[in-house]
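In structure tokens below, several structures.
Shared between the two complexes below is chain A, which has chain B as its partner in the first and chain C in the second.
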Partner chain A sequence: MSYTLRKALQGLLLILGVTFISFLLMVWFGPDQTYTLIGKNATPAQIQEVRQTLGYDRHFLARYADYLVELLTLDLGASTSSGEPVSGMLARTVPVTLALMLPGFVLGNLLGVTLGMAAARRRGQWSDRLISGLSVTGMSISFLIIIIAFQVLLCTPYGLDLFPVRGWQVTDLPSYLRYVAVPSFALIFVTLGYNTRFYRAVFVEESARDHIRTAHAFGASPAVVMWKHVLKNSMVPIITRIMFSIPLVIISGSLLIESYFGIPGVGKITFEAITNGDQPVLKAVVGLTAAAFVLIQLAADLLYRAVDPRVA
Partner chain B sequence: MFLGLGLVLAACDDDSERGAGATGGAHGFSVYRHAMDGAPSSLDPAQASNIYANFLAVNLYDTLYRYKYLARPYQLEPNLADGMPQVSADGLIHTIRIKPGVHFVDDAAFPEGKGRAVRAEDFVYSIKRHFDPVARAQGAWLWQGRIVGLDTWKANGANYDEDVPGLRALDERTIQIQLISPFPQLTHTLAQGFAAVVPREAVDHYGAEFAVRPVGSGPYRLSSFDSARAVLIRNEKFRKEPFDLEAEGFDPASQSGLGLERLADRAPPFSDRIEVEFIAEDAARWNALIAGEVDFAKVPVSQFDSVLETRDPPTLKPHLAQRFNLAANLESGFVRTDFNMDDRRVGYHPDPDQDARNRALRCAIVKAFDWDRRNEIFYYGIGRVFPGIIPPVAPEFDPEQDDSPVRRDLDGALALLSAFGWNAGNLPVLEYGYTSSVTERQMFEQFRSFMADIGYPQDKIRSLTFATYGDYARAYLNREVMLATTAWTMDYPDAENTMQLFFGPNASPGSNTANYNNEEFNRLYRASATMQPSPLRTAMFRNMNRLVIDDCATISGISRTLILLWRREVAVLPDRSFVGGFFFRFADAGDVGATGSEAR
Partner chain C sequence: MISSSAGYAAREVPAPTRDRGAAERIWVRLRDDRSGMIGLVVVGLFLAVAAAVWLGLAGQGWSAADGGRWEPAGPQHWFGTNVLGQDVFQRAIYSVRTAFEIGLAVALLSTALGAALGALAGWYSHGWVDGTVLWLMGVLDSIPFFLFVAAVAYAMQGQPWAMHLAMIATFWTTTGRLVRAEVMKLKTREFVLAARSIGLPAPLILARHVLPNTVHILLVQSTIAFVAAIKTEVILSFLGLGVQDGVSWGLMLAESTQEVLAGHFNNFLAASVMLFALLMGFNLLADALQDAFDPRQGTP
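The block that comes next holds the complex of A and B.
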């Protein structure tokens, strides 16, 4: 109980810190939306009117207090660009992003674990070098180039022309698979190198431990050693990596994919909010991401204890 | 597994109205798919300040007037109005009747969800909104100081129940506008998305959300809208007016072969559904066009080389010509780099001698600027370079004018610098502003290389970069940028719209971002502002153009050529300028669109 309370208090402080700093950055360094909302030949009085309607003339602390109240009540206000309620925008876009990113994220990690394991098991052999070399190659190519190359190769008459170039007219499972395939391939391609190298390093480190040598000495097969001992004892770093990737994958990782594949997800509206200075949307995304981090941290702590009894 | 399925269901596209317009004509279901290189954030006509918002606004709502679909030069045509305005002899009172039997689309904002008839009062309300600070409208500049009582109405608190003497609904169908002084461009302003007619009930019903819940009387109604696309479906209530090819300005010599003849005598809108894809990324837009997922796209400059067989006139490579039609449209505006005349280092100076030296410096910079290379490197050499501030698309443009102000003259520039005592040691630091991007950076570097040719030290030409356009606009509207490059898109085909860019009282934060203030120019502007288009007014505009050129207040300019491609099966003549989104109603995709993205 005290552990949970301590973690919750830490989480609360984290949320306060993140929201305060991000709000400070938004207000002092973020784009001023006034000048995109004024009409041509605006007078200083009209500029002031727009500033008032945006709330820019209010004291920073008063605005920050409102922000906290909005987060607490989940009344996130309305976008200053479109007027649409922010909660509605998030309800519409977050499921799209999750559905878009989940296959690539899951498969990317599963493949990363598998390849990392294979490389670790044959450390120093040609297959390890091949996997490591391909991983570095994958990491070296720009995500943008990968997206464009996949589009051209898989979606246009210049290539195989198998999938739509862009869009999200998802009405059922087959249409979902059609639209999610190429973005997922691109995501897997770009993340596989990072994942594989990370997991390989974890498995190599674990393989060098005494209990693994003991398991080998007891005659356990290489497969049993790898799956039962190495993988199980590597779960803490694996969980950490996966859990803490989730908020980033949802918010930032999807931006390029959503833009190039024309998918109306949360990454795109976040990017537009950043460039337009749409503070209600930004505040909501930042605040909810911080909250998601805290929840994930709590969940990760619980999972650590489940996979490793030594974690107190 | 369940989580995955749940996500798929939650993420499903909620655009379920595909069949809604299918009962229309004798033809099958047709879909026109249009790629746009940007996205609107609002569909409220009061906020239709950019081309993307305007495209959608004029399809979801009605404006009193529009431009004829095919006539060039552009000509106004009644739209919701029953005819052209009746104007009093003194030019001050405009009376406009609206067509009978026009209805808003059915919507929950109306009693029993039934769209009511459009009334003159709706137009009055729609214009008033621009003067209501709460509406955060952006079109007030069109009518500010023009209509009797409108500014006072705002000053008195913008109470919609109070009448504006100069903006009245005489009866259900008659609008009367009383001007403070003649305003020859009034009818043009009524063809803009800003002037579209909205029902008060819907604005009240939806509040701020009205921006994404359009309720209009235009040819289409909204099916879905998000950051990636907008889907419009035919408004079955839209008035049935047979399409008259001749009346729309059809020119067989230049427009035959586009399939437009098949539209004759049918009633627009011709497509049951319009899918507007917002694709800002050049590569993705091009891939979507090539893959047949959109019917129309503006070709990115980076693709011109692989698309065009010849430059003058622009023609398509044969393999593309089999699939696409091409329009090479000169933009209705221009790009220029203004000097901030308020900056004493390069602009006006109270000391007459220094003022003259500054003018010489500006003129030397203008002479050193190489427009041909700018055009070649950044616009594939097919932009149209012209001197001054009357772009080629304006009726007042003089094709015979002396083009020496845009021809590079290094000797002349060096002579000016020398004559006025400028040298590498005393030249001021030039601060060149731009929004951070690779292309803008390249333009800055090119500018610096041009100036190097007249001995301008590289370290005295500095970049002033801004993360977003909003930040850049804030800086130049606050007179903080010495050299500001901007593009101006004309609001109507009348050079008055570009003349006002250099009218002294319009100085920043107004549109006169050069903060140019020439008494003679101002006098001519005031005198011409109330004049109808005429040879005399054209001569005055050309004189004003000459003043700006002689004062070297701006490095200007170029009108970019837009390469528009669309599938040959679609009968349409796309236009991004004054006709703008009005052409959607005339786009006939036949039945081919029905087999488009859905069938892949």
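The block that comes next holds the complex of A and C.
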């Protein structure tokens, strides 16, 4: 019980930390919003009124508390560029982002585990060297280059011209697959090198343990040892890896993929908020995703404890 | 002293400073690593190009628009021209300098920050200093990186240093964690105990005796930070948060996103080939350094 309590307290401190940083950067140090809201030729009384609704006359900590309350109640205000409520924008865009990013994220990890396992089983042989060499090569190619190359090769007359160049006109399953294919290929490709390398190292380390040698000595076949003993005992680093790659791959990845392919997800509204200086959208997205990620970590920590009693 | 696991530590001869034998052994292992040497040569060549740009010997015509629109590669313009008629080869060469400026600034400062905070946390482990540093790492690792950059850029209103600052502020955490763990190990070693027992102040022990023994971590981490910085610059420049003036491979690629659909590949090919070569060189070098410092964990 004290473990759960300690983790919950740590999670709470982390959430306070991430929201404080996003408050500091965007609300406290961010540019003055007064004139964005009322435009030119405002009377001093109007200016005073807007500054009051924005809370500019209030104490630092009071404004931080306001921001926390906004995030907690999901009462996030309206976008300064479109006037749409931010919570409505998020409700519309989050499902698109998940539908777009999950297939590539899951397949990238599955392929990484498979290739890492194949390399670890043949450690030092030519197939291991080939897989490791290709991983380093993949790690050396920029995400943007991968996206451009896949788009040219798969979506334009300069290549195979199989898929739509950009956009997201999804109505049914076939159209979903058509639009999700190229972004997913790019996502798999960009994560595969890092994933393979990481999982290979995990499996190599696990294979060197005594109980694995014992299993071999008892005559278990290499495949059984790999699946039953090595993979099972590597689950903690694998889950940790997947959890920790969520902010980088899914959230940062969606920012790039959606703004590049013009897909109306969280990444695209964030990108537009960056270019327009749309503070309500930015502070909501940054605060909420960081807080959500802390909660996911917390859930993972508690899950480890449930699965593996050694975790303390 | 190569970083040794705690179990072997007691049996080793305490070595407060790196003896020449160890440095030589590392260099020999590095020299025998073929792909590592290729990486070193590639990085060296790029560094030479960057130096030539700094000295004004190359890439100076990067902004002159003296060609036609999207001219193909030829003797006049080796890699062709862009939409404004600027020479793509000159721009790609000048971008080497931009890449090294970003990479060096971010790698050096983020590694230094990670070393300092990691050493403090490890030295005062399980105290409030350690708790605070660990909390800070957890917070920074929890904010999705590009959103953090966006927030920093928003707060700094288009300052050219926003990108560098954001990278330094987040990249140090990995180095910090590794240095913290190593310092926790080192502080139980005899040479550190000896230094404490004769009453040397903690900052002096850390600077003279502990941090020099984490050089293997700092060297490898700074090459990794260099790679990450260059890769990040590309994406940030595409998002409009990166390089604000001058030219970089990221800006060239951002420009090319509009051109490739119309069949103009000058910018795309020049920037991506050079970017790939430099990143590959650095990755090979980082792997070789890792293996040379720590042969037990290396790839076979």
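One rule holds in what follows: the second predicted complex is superposed on the first by the 267 of 312 C-alpha atoms of A that agree within 3 Å, B and C clash if a C-alpha of one lies under 4 Å from a C-alpha of the other, contacts with A are read in each partner's own complex, and residues count from 1 in each chain.
Heads up, the rule we're going with is that a contact is a pair of C-beta atoms (placed from the backbone, for glycine too) under 8 Å apart; a residue touches a chain by one contact, two chains touch by 3 or more.
All figures in this text were calculated on a predicted structure; none of them were measured in a lab.
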item: First, second, both or neither for A:275, with chain B first and chain C second; value: both
item: Chain B versus chain C as contact partner of A:158, first or second or both or neither; value: both
item: Touching partner for A:219 - first (chain B), second (chain C), both, neither; value: neither
item: Partner chain(s) touched by A:148 [first = chain B, second = chain C, both, neither]; value: both
item: Partner chain in contact with A:247 - chain B first, chain C second, else both or neither; value: second
item: Superposed model, chain A: greater residue contact from chain B or chain C; value: B
item: Partner chain(s) touched by A:290 [first = chain B, second = chain C, both, neither]; value: second
item: Touching partner for A:173 - first (chain B), second (chain C), both, neither; value: first
item: Chain B versus chain C as contact partner of A:42, first or second or both or neither; value: first
item: Which superposed partner A:260 touches (first chain B, second chain C, both, neither); value: both
item: Footprint overlap on chain A, where chain B in one structure and chain C in the other make contact; value: 31, 148, 151-152, 156, 158, 165, 259-260, 275, 277
item: Interfacial residue positions of chain C with respect to chain A in the complex; value: 135-136, 138-148, 150-157, 227, 231, 234-235, 238-241, 250, 253-254, 256-257, 260-261, 263, 268, 272, 275-276, 279-280, 283-284, 287, 299-300
item: Footprint of chain B on chain A - complex, ascending; value: 31-44, 46-47, 49-50, 52-53, 78-79, 81-85, 92-93, 95-96, 98-100, 102, 148, 151-152, 155-158, 161, 163-173, 176, 178, 258-264, 268-269, 272, 275-278
item: Interface residues, chain B side, partner chain A - complex; value: 4-5, 7-8, 10-13, 15, 39, 41-42, 44, 47, 49, 133-134, 136-141, 144, 207-212, 226-229, 277-281, 283-284, 287-288, 290-291, 293, 467-471, 473-474, 477, 500, 506, 509-511, 597-598, 600
item: Footprint of chain C on chain A - complex, ascending; value: 10, 13-14, 17-18, 21-22, 24-26, 29-31, 123-124, 128, 132, 136-137, 139-145, 148-149, 151-152, 156, 158, 165, 244, 247-248, 251-252, 255-256, 259-260, 270-271, 274-275, 277, 279, 282, 285-286, 289-290, 293-294, 297
